[in-house]
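The structure's right below; bear with me while I get my questions together.
Chains: A, B, C and D, in written order; residue numbering restarts at 1 for each.
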Amino acid sequence: MAQDTVDLAALIAWLDSFRGYVTENRAYLTELDSAIGDADHGINMTRGMDAVFAKIKEAQDGGTPFATIDDLFKAVGMTMVTSVGGASGPLYGTFFLRMGRTAGTAETLDAAGLGAALRAGLDGVVARGKAEAGDKTMFDAMSPALDAYDAAVAGGADPAAAAQAASAAADAGRDATTPLVARKGRASYLGERSAGHLDPGATSTALLFQALAETLAA
Amino acid sequence: MKKLINNPDDVLADALVGLAAAEPLLNVDKKNRIVYRATPKDQGKVALISGGGSGHEPMHGGLVGLGMLDAACAGAVFTSPTPDQMEEATKVVDRGAGVLHIVKNYTGDVMNFEMAAELADAAGIQVESVVTHDDVAVEDSTWTAGRRGVGLTVLLEKIVGACAETGADLATVKALADKVSASGRSMGMALTSCTVPAAGKPTFDIAEDEMEIGVGIHGEPGRHREKLAPAHEIAQMLVDPILADFDFTGAPAIVFVNGLGGTPLIELYLMYGEVAALLEKAGITIARSLVGPYMTSLEMAGTSVTVLRADDEILKFWDAPVVTPGMRWGA
Amino acid sequence: MKKLINNPDDVLADALVGLAAAEPLLNVDKKNRIVYRATPKDQGKVALISGGGSGHEPMHGGLVGLGMLDAACAGAVFTSPTPDQMEEATKVVDRGAGVLHIVKNYTGDVMNFEMAAELADAAGIQVESVVTHDDVAVEDSTWTAGRRGVGLTVLLEKIVGACAETGADLATVKALADKVSASGRSMGMALTSCTVPAAGKPTFDIAEDEMEIGVGIHGEPGRHREKLAPAHEIAQMLVDPILADFDFTGAPAIVFVNGLGGTPLIELYLMYGEVAALLEKAGITIARSLVGPYMTSLEMAGTSVTVLRADDEILKFWDAPVVTPGMRWGA
Amino acid sequence: MAQDTVDLAALIAWLDSFRGYVTENRAYLTELDSAIGDADHGINMTRGMDAVFAKIKEAQDGGTPFATIDDLFKAVGMTMVTSVGGASGPLYGTFFLRMGRTAGTAETLDAAGLGAALRAGLDGVVARGKAEAGDKTMFDAMSPALDAYDAAVAGGADPAAAAQAASAAADAGRDATTPLVARKGRASYLGERSAGHLDPGATSTALLFQALAETLAA
């Protein structure tokens, strides 16, 4: 049953669900990256999320579970940064680090608070990668997702409903990357040949929002 | 997938074990996946580090040594290393005169090295960076991520490494790096794809009578696919865009014919002959040359051509002693 | 057939043009297909020549230079050169102290070098020969042509070349060559076949999950075909027959992991790690190592392992300066 | 119409026919050599016989045609030796050199004289390569061919008929190499795996005798 606030356990459940999705889609994401990149996106994301969960488990088993959302996301972000490499490591890493910094010492987030944290994450991705709409990157899934989320919250939606809207928008944004000619990341080296393929990073980002929607709906 | 490996996820770790055992010139920090000189350079000299995804050997780990790099950070196959590796390497090699980061222009490499430079800066180490972006296959525009860094990186590491060995200060070293980076152009092609071990299958399919023109060094497809052609036509397809992009006349040139990993030396020498003939016809004076697989793309078959406009300073540093597993002369 | 070549029948001629253009250390007699040192050694020193089919680059042309060969005769791809080439090379490099012919044990190479030695002898030049036959994959018997000469040839050329550089006389040089030849063993394997350019298709077919164990360097199938295995098992398959054939304990060993042309360096380092671990487990002390594609079989993917039982004399000559395009250190 | 003696023109016609056969069978001989060797026998033989004919043409066009059989075969043998390399260069080269030396200053050969020259060639092959019967080499086609030739001559055959017998025996000898395990040459490296394949050199030798039989029968 959906809640008005999201707590640390729910956020960890979200990350766990995301890990499950990238693991399940390891070959698929890598295959997408074969077409217009260097055939490692699924490998990178799986390595990163596995490391994230090793870190979370270490904290929980070590008796020092995360006290605040910032604690959690700082660990998640730093682990992504230090275990993934490539483009997705700094980008997803910065996303989570900024989420944490924005959530601060909170132990739960309401719909608006979660939205603010997610948007800070998106801003971090833009600060790092300078991507704009239509560059055929994860931005093209993430940005419409955040817009849909904010619109839903403005309309009174709870976190689960807003996440549901975000997930639908991320999927649409992901699908809309297909015809685009890439202007950022590795796919840009292909020029016109990058058109006609889904962007791998937009695809993993859509999984991130799908995981969020499903976790919060549960 | 046919490779001499154990578990596909352990390729880098296993290769570092072998490198450490085989090369007494190198120290390998297996945990942080950093390759250092066994004998560090003297205090007061600028240090050079580079790094990048693995699968390009001997670059960069095999280019660590006297007259070249001080350390190299190894990422997973075709994946930039992480900022913590680069920060650690920067701290270890700094001899009090600052550290130059040699970065190839890929979004991941650039972002990770940027984060590392911020971290090193916070730790009080002077860091400068040079980003190579010599691949003329890629269109250059302010709207895109710009050109890839490819073969020129090897030449730059050699030349700038020799300069740092003289005790030149960081500003001088950085200025030379920028000059080299601005004066070289490259273009590559592939006959086959390669297989990222953890992916398990070739990155792209290609027919027996086709080739990819304008590839980088990560097994990615190139700018366009063509019917297979004789070596002299391929040489033309590589040399033409290089010459169209930059004026190499009126100065000595360093010419580098690189192998992508699966192409044997006999073909690289043959290609060098074709490339040299075209450059001479275009009025370019070849002063130095380098032929071999120095910057590979796993087992991809193919080649790339790099031309660097040199001058007396660059030639002097090119000829200076270098003692690394992958490049060695003069000492 | 995917190769960077022009006409398949011109591969050698075209590659020699490129080699001549790329390597100022070498002089290339394109007509006779002989590669010489650009600067001949001093009068009164024994000269070394080798030769063999092409397709094994850098061996032998790329191993010509100070401290190693004086000349190399290039045959067509995988075909021994002819006696007239060897005779001409012998005459040109002789500095009055005689010439050592380094021959790999293949029927064609042996017969052609024999005829050349007869011709040189008739011309009044003292010639000695050493025939390498280090491949333990092949059964040795008086009823057969004996074992193939493979990886040990590279080590022998280095070590004996250094000895000749000291001014040792022909008998001394020949005795060292015999000692090295007697003290090394090799074993190779292939993941893929290669394609002889003039033949136009792979020499053998092999499935995605198979490998050939006990191959030589001419693209020939090996002694047996096995299911593909992890690198540590492959290392065992190569090391075991070497150790079973010769006692390497109680002396320093030189270990050489060679690439067959299509296998990139990252895999060779990985293999070296596996091989070194097995040798150490067997109580063998590795004193020196060499990793890389020094004796290739066109674009064949695969590797070979050579172990040489060394002693102080051999190690001294191994460490001595060498300045060739393919192997370079200490000068 | 068959003749009692073989003159220089007929010997050149024989070599020309042999050249034709190796050219026609270039791919086939190379394919046989792929199975148990290094995939070059057809290439080697074609290169050699092309060089031989360039040499013969040079002599004829240069106004200094071969005066004796020794002159002819010395040129042929030396050209094989200096243009082929590998195992077949010295072996076929020695074969022709010895034929020439045995024929000496003769301008024609009768059946016995041709037989003596051919046998000297065979002896040269053995002196060079040390092959014995059953080693799976060209010897296994050449030796029975010579035995059949000599037997035919002993029975009163003219050169054409004797060559016919030699060709049939060479074919049989060639075919008999299939089951053999090679003990000489490159195929010996394969050990047991060399069984089940025709020997390339025995196959080119059978073509040599087929060319002889057809030339003399013409």
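As a convention for this text, a residue touches a chain if its C-beta (ideal position, glycine included) is under 8 Å from a C-beta of that chain, and two chains touch if they have at least 3 such contacts.
These figures come from a predicted structure and were not determined experimentally.
Touching chain C and chain D together: no chain. Centre-to-centre, using mean CA coordinates, chain B is 29 Å away from chain C.
Put simply, the C-alpha centre of chain A and that of chain C have 54 angstrom between them.
Chain centres here are Cα means. That of chain A falls 32 Å from that of chain B. Computed centre separation for the pair chain A/chain D is 75 angstrom, with centres defined by C-alpha atoms. The residues of chain B never reach two or more other chains; the list is empty. If the chains shown are joined wherever they touch, the resulting network is a simple chain of contacts running from one end to the other without closing.
Chain contact summary for the complex, chain A toward chain B: residues 27, 30, 34-40, 42-44, 47, 81-91, 128-129, 183-186, 188-191, 193.
By the touch criterion stated above, chain C contacts chain B in their complex at residues 1-7, 11, 14-23, 54-55, 57-58, 62, 191-192, 208, 211, 228, 230-232, 234, 257, 261-274, 276-277, 286, 289, 291, 293, 296, 298-299, 301-303, 323, 328-329. Touching chain D in their complex are the following residues of chain C: 53, 75-84, 106-108, 111-112, 115, 135, 137-139, 143-145, 148, 196, 198-199, 203-204, 216, 218-221, 223-224.
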